[in-house]
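There are structures below to look over.
Each of the next two complexes has chain A plus one other chain: chain B in the first, chain C in the second.
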Partner chain A sequence: MAKVVDARGLSCPQPVLLTRRAIEEGQFPIEVLVDTATSRENVRRAAEQAGLQVQVEVIGDEFKLTLRR
Partner chain B sequence: MSISERLTRFFASRWGILLVGAVIGLLAPLLQKAGNPPNMGICMACFERDIAGALGLHRAATVQYIRPEIIAFVLGALIAALVFREFKPRAGSAPLVRFFLGMFAMIGALAFLGCPWRALLRLAGGDLNGLVGIAGLVSGIAIGILFLKQGYSLGPSRPAPAPVGWIMPALMLVLLLFLLLRPQFAKDGPIFFSKEGPGSQHAPILISLAVGLVIGFLAQRTRFCTIGAWRDLLLMRHTHLLTGVGALFVVALFTNLALGQFKLGFTAQPVAHSNHLANFLGMALAGLAFLLAGGCPGRQLFLTGEGDSDAGLFVLGMIFGAGFAHNFALVGVPDTLTRGALTVGGPGPYGQAAILIGLVFCIALGSTMREQQKPS
Partner chain C sequence: MGLGSPDDAVVYRMENGTLLVATADFFAPVVDDAYTYGAIAAANSISDIYAMGGTPFLALNLAAIPSDMPPEIAAEIFRGGMEKAWEAGVVVAGGHTMDDREPKYGLAVVGTVAPERLLLKSGARPGERLILTKPLGSGVITTAYRAGQASPEALAQVVPWMLRLNRDAVRAIHATSARGATDITGFGFLGHAVEMALAAGVRFRVRAEEVPILEAARPLADLWLFPGGTAANEMYFRQWVTFDPSVPQEVRMLLYDAQTNGGMLAAIPAAEMARFTDACRALDQPFWEVGEVIEGEPGIEVVR
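Showing the complex of A and B:
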């Protein structure tokens, strides 16, 4: 089962911090829920820098990023 | 990939943030050339302070003007957010706390006489006190990072009905009307416009508006942030946002040199003082407060344009704080040169006390505000 990080509504840099924490725990895939394009870009950038594959899904007004090794 | 997606990808790239930093670094000194105060082509703290003065929230006669740049930053970001479908009214992330953070950020910034943007622009104009201010700013950010690592959070905002996001842009339109029509609401009453001092120095309204709209639009797209730049470097070794800040500084430096606006030194710099301790501590307070609120004063304006009402409340806190700071004599006084004798300025005793109170407030918040467990 995927690990879910719910970072919707949080200010910078918390979505990225929560994502990094989940990456460190090492349980993949990780699903990160965010509700702004800013957080979507920040999380994607951080995950790509960590060498992960990122898939972005638009769900209504929000985004789900799936992070895989 | 659609054109909109391509543009979004570009603006999120290293080149995107570099471009925006460079544009700001070019336009800010040009605004100064066009009439804005020295080393103050753009300053969120100073400009919001001038707006507070124009509205009569303080009565310092030399710093009263409705700065079109502030209006245009919000409206430019609003336009970008609408065009790219990112306008999202939202609310509810500790609004009152954000108001007070805005207030103390302003008190700290006015002790130094400038926001993080102006600290860079002052340094790019040769004012070495900018370096002391930036050192203070980064120190404040570093303190805030300790809290972030311990789980500091103001909690999530929630999507909100449309009016929540439109109130601040509407307020900016009202300010624009005040600027254009210059109504006087009472005998000897507001709207006030400075006849001398920094408040009387301004670029033509249309130029200020145009520059503000361009910067507001681009900064909304790239998420340009002068606090996030240092925060991401210290916290995660990410240099993305810092690239933009670096570009701003370098381009502003060369633009100032080209325009003859560069004068190196600590003393007798325009609208500045060389009280190093006050410069350092004032900006440390500002840096900590901005960090705890999630972004620099520019970023708060751009978020406001996206419909983030919590950022809007932070902006109102800054304007309120500016009124308070001037009424209660908390602000830094510029250095004065009288017949060759330098009198070092800086904040008086109440201003120094206010910085300490602000630091205590921010540290108390930082060590107590924690993530709430969300009901699943």
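Showing the complex of A and C:
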């Protein structure tokens, strides 16, 4: 079961903060849901900065990022 | 300036030949203190007149105040704006306030500029040196602070810079024959640098290690606590920017960080750098030499 972080409707840096908290809990994979391109970019870059693999899926107007170690 | 060549403010030639410069800007609070917020917003609005080489003289308040905000808090915002405007020699007379859930404040500002003192984004020429007059980091610091992730000490590092008028920086630029300049605000250092390079049809070589960055911004950048605007800047402007592979990712992002009342970026003729340096010293105006204007495909190359 993937850990899900629902950051839709939140503005930066909240999506990054929630993602970081989930990374610290250490349960992978992590799925992060965001609804803006800027949040998608910030979460993707923050996760890559933390040395994680990131996969981005477009779901309608929203994005799902899957983070793996 | 027509819509075909966007610049920092509109310029209107009056019948007597005087150039009128006009601009308006307002934004939501970047700090908790109402007076400081008002002063920063006013300095930021007035900066667009300086960025054109102009002298501001008149402004109107633009404000949105929540109906449940205590009147004394609202009064502090206006007082901060008015006193900062006064420091700039600007009279604030009237304006308009509307009701909104989130406060917003800024000024519509009018100034004048002599045609030979007009500073344009298109004014940079190959061979000139690039100077920046404030360190970067206000976007990531204020955003992290609002999210409870930055200390009051970190915020205190950036507040004096956000409060600082760009007046003396422009006086020092005017001590030279430089014509290419802009102020660094929402598009970040690289976004505004791209605008200048494209408008002038030149290439900027920026030395990343020479670009001043506030110490407090670095750990926050490591945590990637950038505002959405910074991410948007990177996504849009990266098509014109190349980086040396050795420039760290968080430094690249700091170069794109959306700034509030950031410094002036100007292209100074190399032979006049001594004159510029003397003028800055006389005015107690800090500056950093961050690169140079070169020929080539319009855009920015960031080297170490």
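Simple rule for what comes next: the second predicted complex is superposed on the first by the 69 of 69 C-alpha atoms of A that agree within 3 Å, B and C clash if a C-alpha of one lies under 4 Å from a C-alpha of the other, contacts with A are read in each partner's own complex, and residues count from 1 in each chain.
Keep this in mind: a residue touches a chain if its C-beta (ideal position, glycine included) is under 8 Å from a C-beta of that chain, and two chains touch if they have at least 3 such contacts.
The model shown is predicted, which means the values in this text are computed figures rather than measured ones.
Touch criterion met: A:D35 reaches chain B, while chain C stays clear of it. In the overlay built on the shared chain, the residue A:Q14 is in contact with chain B and with chain C.
Common to the chain B and chain C contact sets on chain A are residues 11-14, 16-17, 20, 36-38, 41-42, 45-46, 49.
Contacts from chain B toward chain A in the complex involve residues 8, 12, 84, 86, 88, 90, 92-93, 148, 153-159, 223, 225, 228, 231-232, 235-236, 238, 240, 293-295, 306, 374. Considering their complex, residues 143-144, 147, 149, 222-229, 231-232, 234-235, 249-250, 253 of chain C touch chain A.
On the chain A side of its complex with chain C, the touching residues are 11-14, 16-17, 20, 36-39, 41-42, 45-46, 48-49. By the touch criterion given at the top, residues 6, 8-14, 16-17, 20, 35-38, 41-42, 45-46, 49, 61 of chain A touch chain B in their complex.
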